[in-house]
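Shared between the two complexes below is subunit A, which has subunit B as its partner in the first and subunit C in the second.
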Partner chain A sequence: MKINFLMKKRLYFLAIFLVLVVISIGSMSMTQFSIAKCFASIPKAIQWGFGNFYPAGDSFARLPEILLKLQETLLISIAAASVAAIFALFFALMGSRITKVNNFLATLSRFIANVFRNIDVSIWALVLLFSFGQSSLTGYFALFVASFGFLTRAFMETIDEVGSDTAEALRATGANYFSIVFQAIIPMSVSQLISWVLFMIETNIRAATLVGILTGSGIGFLFDLYYKKMDYHASSLVVLSLVVSILLIEQISNYVRRAML
Partner chain B sequence: MAVDNQARSTLINGGGPSFQKERIKLRLMSKSRLAIRLTMLALAILTVVGFLTFDYRDVHLLKGIMSTFANFKTIFAQPQLAHFSLSEAIYQLLVTLSLGVLTTLIGAIIALFLGIFAAENLSNKKVSNVIKGFVALIRAVPTVLWVLIFAVSAGLGSVAAVIGMSFHSISYLTKAYSESFEELDAGTIEALEGCGASWWQIVCQAVLPSSLTSLISWTFIRFEINFGVSVAMGAAAGAGGIGYDMFMDSAFYYNLHEMGVITYLILVVAMLLEFMSLKIKNKVRS
Partner chain C sequence: MKTLLQFKNVSKHYDKKTVALSDVSFSVNEGELVSIIGPSGAGKSTLLRCINRLIDATSGEIIFEDKDVLQIKNKSKMRALRTKIGMIFQNYNLVERLSVFENVLHGRLGYKSALVGALGFYSEEEKQQAIKILQSLGLDEQIYKRCDQLSGGQKQRVGIARALIQEPRVLLADEPIASLDPSSSKVIMDQLKKICSTLGITVLVNLHQLDVALNYSDRVIGISKGRVVYDGDPASLTDDHIQQIYGSDREALNLVVREPKEVAQKI
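The block that comes next holds the complex of A and B.
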């Protein structure tokens, strides 16, 4: 009996393992990915990185230009996340289980948030490129829409988690909808909501680089420019400044999160 | 009869200073409330500064928004293929999915080892901090930059894309895995240690089986993210797949109708993946 059980377990794991192997071999042939080339290129890349990919000499002359674009990218990310948070709060209140006005509006807002979230930020960027061209607004709206979709879902889950008992208790005392929302639900969840917004800002800075490369604006464009000119010293300076600013913002938001608790 | 204020206060509280001169403070200004106010204020100021300093390049805001809505109408109401057939589009979609699968698998295998050493209850604090710091550093570089950096020596294509995309998967999954290992009851490990079990036995017989379900759920969530990432990498970093077709439609053919088809395909797959990961998450939690 015991041997049978262990045998079954082993066969089960073997079957899962085989399925995974088949899937990965299939994927490799689909994408023309070769393990040999992969292993060969990693040491090559490391060697190249240490040899070429560091800021040096005249690349520091480009620092003011880089910092200017970095500032623009940071401001776009923050503005997109903050404005999206306002819209997301409204949609989350409409869509949440405990604060919904009626089922139709709840389903509608959930559906809208779902569509917005599942279309990747790169698609938004490419579509918005048609109407806004290479201006900051393309990046801003692409990040705004993506932030909106994500934040609506996050806010909805937070409100559902935090407020269900309180809302029920207040409803029993005869409090009306607005006092439940503004006196209980929002004050109780505000620190978590801000924590989500801070997370979104971090995500947006990374996404802004991608959007910049696609649409030709902000720091992503600057990286792309240096990269295509094979000016690797300058492009490594761009990467370095991005890394520093992302780590800095992570530290600030961790500090703020601790202070808000 | 008019009673002046002084007399009324004497009447009510026996000559003491009249109470309730100002509104009662309902909430005290604690440190956390101050932090919340300041954060909101800072975000608002930065947003306004952002809007004032944006590089608008003479783009008309209202006109732009109107034309965006018109474009969306074209995309969602009149999708039509032009440069490739539906079967080719689905093939490219499968290529994108395969990129996601490969990245997730490589990420999961490496992250499993890193996660074990990053969990504080399974290794010492020094090793754990080193791994966690390393992983945070990896995450600070955006995925597209990892791909482009690797593309210099490996050439643009699936190899550079998979390696570059794996970095963020490793980083994300290491954090998620180590946190689910840390959830394990300390008593279990202590009991096994008391029985004389070796470290590998503890990991393989207690830690992995008890956290297997949450590992699977995290891995699938990452797969869902990786699908979106591989669409983006196809568009921005020459990884191929449906993202590249979309980029060509947007930047070279100006064909919104074909972008509509691609958007629908991506949307369907993304929603399907989200539905599946929700199912897995619910199954794991119950």
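The block that comes next holds the complex of A and C.
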């Protein structure tokens, strides 16, 4: 009986594995993808990278320009995440199981958050491109909308997770809605909420490059410009400056997280 | 003695299948310490939460201070009711990131308007009262500590302080010692007894521990599957009653309590 049970489980996993293998091989033959060719091209790519993709003497002349755009991108990312956080907090309070005002508003805000969250930031950038044209504003809105969707969802789950017991205790004392939110829910969840906002800022900086390429703004635009001009030295400098700033921002946000605990 | 609280045929159904309480009737006099005992899932927590309307009973009447609490529709009247009913919880339910002092003052939020409560403004008398209550519970040194630095027993005492500052007429305790070690449990139960005898506050306490219930309470209400199966003196609780409440006898429960007082001293 027991052996049968384990055997059944093994066969089940084997079946799933086989299905995955069939799907992989099928799609590989359909797209004429060859693993051997793929691995064979890696050394060549590395060789090219070392040969061309490094900042050289004359590209450093572009550094002030790059830094200016980098600053713009960082500020847009931070602004998008923090403004989105304010809206997200409101929608999260409406949508949370614990702090919802009524079921209609809760469902509505959950629905809005889900729509915004499930559409990727690059799609938003393309959609908004039609209405706002190629500008920093489009990039800002794309990041804002994506951040809003993600943060609403994250805030909602945080509130549901940490708030229920204390909210119940304060409700039992006769406290009103605003007292419960500001005296129990916010103090209990504030450190996690800030942690999510920091995470969002980091994500936004990464996404901003891609959004920039699409919307023709910020550091992404500059990378695209240099790359298409085949100025690989300058575009590698753009990538390098991005990597450095991402590492720096991560260090800062880790420090802030630790300080809050 | 005056009746403070009365359940008349109270039932609670969560949906058609799950019945938490069915046809519960009993009354509680002013100044009594009443234990509600029964196995997990018998409906003890639901029963307590019906009194302050954290859970709405499906049918019946719950008379508190000569009024049926189930008839309260108005929000401000509901809040006024809740200010008169203190509650403490198994998991203490404190705002762990705030200080002991702030947590105790939360007990006054029921008396405040939305803005004043949200901003957390408290009067000088309220602050003095909070300190006085904390001193009486032996928490002088913890007043400005954050709650996550306290032990379980200390947290529960903060919970009691938060309930007492409401100036309640009745205190509901939902499994107050279920997460505590024996010596902290004794401190908490002694405090509840003291609150009952010196402040005249009626105490309703849900308990898992039969021996504790027998030692501390003026009266025991036994619940099984949402029904009251025993209501009376702890001394006259027989093995038959225990069989009825828990579905097994004392021996099987490993709760041989021959001399209740002795057990209390051991705790």
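In this section, the second predicted complex is superposed on the first by the 243 of 261 C-alpha atoms of A that agree within 3 Å, B and C clash if a C-alpha of one lies under 4 Å from a C-alpha of the other, contacts with A are read in each partner's own complex, and residues count from 1 in each chain.
Just so it is clear, a residue touches a chain if its C-beta (ideal position, glycine included) is under 8 Å from a C-beta of that chain, and two chains touch if they have at least 3 such contacts.
Just so it is clear, the model here is predicted, and its values are computed rather than measured.
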Are subunit B and subunit C a fit on subunit A, or do they clash, once the structures share the same frame? fit
Under the stated touch criterion, which partner chain does A:S191 make contact with: subunit B (first), subunit C (second), both, or neither? both
Winner on subunit A touched-residue count between subunit B and subunit C: chain B
Touch test for A:G51: subunit B only (first), subunit C only (second), both, or neither? neither
Under the stated touch criterion, which partner chain does A:P64 make contact with: subunit B (first), subunit C (second), both, or neither? neither
Of the partners subunit B and subunit C, which touch A:A172 in the superposed model: first, second, both, neither? second
Contacts of A:S27 with subunit B and subunit C, given as first, second, both or neither: first
Using the touch definition from the top, say if A:V181 reaches subunit B (first), subunit C (second), both or neither. second
After fitting on chain A, the minimum C-alpha spacing between subunit B and subunit C in angstrom comes out at 6
Contacts on subunit A seen with subunit B and repeated with subunit C across the two complexes: 190-191
If you look only at subunit A, which of its residues touch subunit B in the complex? 20, 23-24, 26-28, 30-34, 37-38, 41-42, 44-45, 47-49, 53, 72, 75-76, 78-79, 81-83, 114-115, 118-123, 126-137, 140-141, 190-191, 194, 197-198, 205-207, 209-210, 213-214, 217, 220, 223, 227, 232, 239, 242-243, 246-247, 250, 256, 259-261
Under the definition above, what is the set of subunit B residues touching subunit A in their complex? 31-32, 35-36, 39-40, 43-44, 46-47, 49-51, 53-57, 59, 61, 63-65, 67-68, 71-72, 75, 94-95, 97-99, 101-102, 105, 136-137, 140-145, 148-150, 152-154, 157-160, 162-163, 228, 231-232, 235-237, 240-241, 243, 246-247, 249-251, 254, 256, 259, 263, 266-267, 270-271, 274
Spell out the residues on subunit C that touch subunit A in their complex, using ranges where they run on. 52, 54, 78-83, 85-87, 89, 91, 93-98, 102, 106-115, 117-120, 159, 162-163, 166, 172
Complex contact set, residues of subunit A against subunit C: 165-166, 168-184, 187-188, 190-191
